[in-house]
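Both complexes below contain chain A, partnered by chain B and then by chain C.
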Partner chain A sequence: MKAAHYWHCFVGIQSREWLRFWQQRTRFFSALVRPLLWLAVFAAGFRAVLGVSIIPPYQTYITYETYIAPGLCGMIVLFNSMQGALSMVYDRELGSMRVLLMSPLPRPFLLITKLLSMGLVSIGQVYIFLLVARLFDIEPPTLGYLAVLPALMLTSLMLGALGLLIATWVKQLENFAGVMNFVIFPMFFLSSALYPLWKMQEASPWLYWLCQINPFTHAVEAIRFALYLQWNPAAFGITLAVTLVLASLATAGFRPQRTKILPGVA
Partner chain B sequence: MGLIRTLALCAVCSFTAVPAMASLAYVSNEKDNSLSVIDMDTLEVVDTIAVGQRPRGILLSKDNSKLYICASDDDTVQILDLATRTIIDDLPSGEDPEQFALHPNDRHLYIANEDDAIVTVVDIQTKEVLAQTEVGVEPEGMAVSPDGRWAVSSSETTSMLHWINTETFKIEKNIVVGQRPRHVEFSDDNKTAWASAEIGGTVHVIDVDRLSEIKTLDFSIRGVHQDKVQPVGIELTSDGKLAFVALGPANHVAVVDAQSYEILDYLLVGSRVWHLELNEDESQLLTTNGVSGDVSVIDVADRKVIKSIKVGRYPWGVVIAPSP
Partner chain C sequence: MSIEARDIHFRYGRTPVLKDVSFSLVRGRFHALLGPNGAGKSTLFGLMTRLLALQSGELMMAGQSLRKQPAAAMREMGVVFQQNALDLDLTVQQNLLYHAALHGLSRREARARSDRELARFNLSERADDPVRKLNGGHRRRVEIARALLHQPSLLLLDEPTVGLDVASRQTLNEHVRHLCAEDGLTVLWATHLIEEVQPDDRVLILHRGSLRANGEGRDLSEAADRDGIAETFHALTGAGQS
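Up next is the complex of A and B:
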């Protein structure tokens, strides 16, 4: 197989993903409306007009809106990844996934490419969200918009791999919504997306530890630090490690037909 | 030939030009009995100097070589040599000095003595008390006009500005302002004086020629209870375009158009923001945040808070001087 084949395949999957995205423009708006609602309504309710105390990477006092913006970037990626996973279940039901997997290229490549292209669509939405967020006075340094790209890519790969892994387990489309509630909400709420972890620690050490072992926390922190041009090796390293583990599990476990991975399921 | 000479001259000029000196900010820490020294290039604390008890008001000698410190609980004004960072002398100050102002002659220091309801005038060179002028109850704010004609003391309980003639040391005019006037600041052109009223929540702009009020400024920050809006420190840009007002427990600094008196912005800083100081080129403004124990740095052009620097406990006053 030549590199050109890989490229051809990459472009193919990529363009299909964008085409799908374009045809589902309402999905795009809903994906944008959700974090903006959080920013404009939820954050307004919790508005810390006297400032959230200084925690890295911030250099001074910030409003609550500023605090949750990176978490909402993570939220966009999280919802998109799970929605992407849903579409993979859907594709699998309709057989179009099998068509894709008929390609002679190695399956892990196909799957990772699929995850990457879903990730790029999410990242496009994150950037639009960040642009709109400027209207809410959330103005990270200009270079931060560039620095955040690797963190966003990694986050979308990690969550995409998680979605793929779940999609492998789920037998039917109908079950998926239920599973999602068990994944999206705990992941989002038990993280540093909405509140600094020291606050969690004050409330309950158990909650704090749950947040700490949640990979989404580290993904959000990687995004937060990168957006403000600071390097957080721990957050980035943990996100990378979890991505590698999830991606290898997901690609190894994926079967085009509904099959059981675990004995007793299916 | 002319061109070569010009070029040569330029080269010489650029070599002999004085390199931009780093400047240092000095912050008095009321509860730590110390001064924090901040490097204005790196925006980091580079030194802490032990001084007298409860240092509050601080100001520079006109040549920037000495720092005068109101050591309130020691009932004295200390003189710190900035080159050696040691206390070299004390001045008589009357009881509990809190704020003071230096006359443009670089000799007469006007000190507000809160407990005794007087203003003490001290000659720095002879260490002699030149006068003690009785003012209203609890004098706090102190300012001398840039032309040296007026010394103004604000008394907290009487809610008045007392205009003291600097030749006779006698009060010539009292102006009633909002409750608990804290601080007075003159514009560089001597035309206006700005006084903050902490409990009144207002800033009063006084026409210096006519000695009458021309404008009362009110502040209101969305989401902050009005009781928390307590103006204290004021800083004016030398071009007369902008005024900054520290709003105390409201944790914000108001940016005011000094010509139209329109409030342009409120900037979030640390808790209980107290006094303000512009750097030499007026590109940055420092605020002392008493309760949170830090100094916030504001970019004046962008109107953005860029950093908050941890200093000692209860930072009170701040001045900026070129590195000695």
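Up next is the complex of A and C:
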């Protein structure tokens, strides 16, 4: 297999994802409602309750909306990546995974490319969210929009790989509701997305440590710092390392036969 | 060279599903893989398409070991799955181009080949229709065209006529036979419908995970001293006695 083959395959998977996105564009925009509700309603209600002191990367006092915006970017990626990864495993209706796996190219390459292509679509959603967020006076530096891209890519790859791992190995979570309750919500709430961790430390050291070992916390911090053009090597490094580990585990352990793609096999 | 299976055993947990299955197909011929539901046909297809990993034994696809040279073996195979595996919202052509890309073909090459296949399958005027608008028979034809885009020497079809009406079933069957004759493709057509099999086909009969017969339909009937494939099949599997 030559490099050109990989390239054509990569482009093909990407363009299929964008074609599908275009077909389902109403779903794409309705998915934006969730983070915008958090921003417009939840944050407005909570800004009075929570005072956020000056913490890096911010240089002044900030509104609560400003604080949670990067967390909501993380939330968009979290929901999309999980949903996408699960559909890769549970999608029996279209059999699209079977077509993908009939490619002669190595499976880890196919799976990572697929995760990346889904990630890019959800990153598109993040950017639209960030544009709308400007209406709420969330105005990170212009270059921040570019600087945040690698962090967003890593986050989507990390969460997509996690979704694949879960879908492949945890049989009990066979629908999205299960994953929502046992993975997505705990990951989201036990992170720095909605509150700075020092607040959590005041509340409970236990919860604080849970937040600290949650990779999503570090992904959100990587997004937050990059968006404000600051370099947070710890957050970025941890996200990168976790991504590498999860991606290799997920692709090495990908067992389509565990997915019951063959209905009533005998 | 076509497909060669050697000593294939497969179990789900403790349940054996395939037991000591060995066969080799004749190059350029139409093979019917017959078996009642639950005989192990889908599992065998799962193994041949690498959806399932081989537990023991060996599968050679056009001389390439599926275990040792999966990429080379996959290039030799075109597959039509039992369930629809087309993107219903994308057009016929978009579906074909996607498949070509998965096989590493450049956009230009993919377009040329997809135009050629669609013309050959009388589907050119449907190229820009979303698959959703096509009837079941046409969808199946698109899937076959897609399976042949990368010019494989083997065509595997897993119960391709499920859900089709009698007329479309017949058309599709004839169509594949025609391809087999025209292109010299080695075809493996899994089915539980005996009426899709002709006396001069090569026939493999799978029953409860074991291969009960492999040979020319007519010879099998003679050997079993039965009249026609249907009776031979019933005699070998004990099916359809009621």
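Here, the second predicted complex is superposed on the first by the 243 of 266 C-alpha atoms of A that agree within 3 Å, B and C clash if a C-alpha of one lies under 4 Å from a C-alpha of the other, contacts with A are read in each partner's own complex, and residues count from 1 in each chain.
As a convention for this text, a residue touches a chain if its C-beta (ideal position, glycine included) is under 8 Å from a C-beta of that chain, and two chains touch if they have at least 3 such contacts.
These numbers come from a predicted model, not from an experiment.
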| item | value |
| --- | --- |
| First (chain B), second (chain C), both or neither touched by A:Cys9 | second |
| Which superposed partner A:Arg98 touches (first chain B, second chain C, both, neither) | second |
| More chain A residues in contact - chain B or chain C | C |
| Which of chain B and chain C A:Leu19 touches, first, second, both or neither | second |
| Chain B versus chain C as contact partner of A:Thr63, first or second or both or neither | first |
| Which superposed partner A:Ile54 touches (first chain B, second chain C, both, neither) | first |
| Chain A residues contacted in one complex by chain B, in the other by chain C | none |
| Chain A to chain C touching residues, read off their complex | 1-2, 4-6, 8-9, 11-13, 15-16, 19-20, 23-24, 92-96, 98-106, 110, 255-257, 261-262, 264-266 |
| Chain C - residues contacting chain A, complex | 12, 17, 37-40, 42-43, 46, 49-53, 70-72, 74-75, 77, 79, 81, 83-90, 94, 97-107, 110 |
| Of chain A, residues touching chain B in the complex | 47, 49-51, 53-54, 59-63, 139 |
| Contacting residues of chain B [partner chain A, same complex] | 221-224, 250-251, 268-271, 292, 294, 296-297, 304-308 |
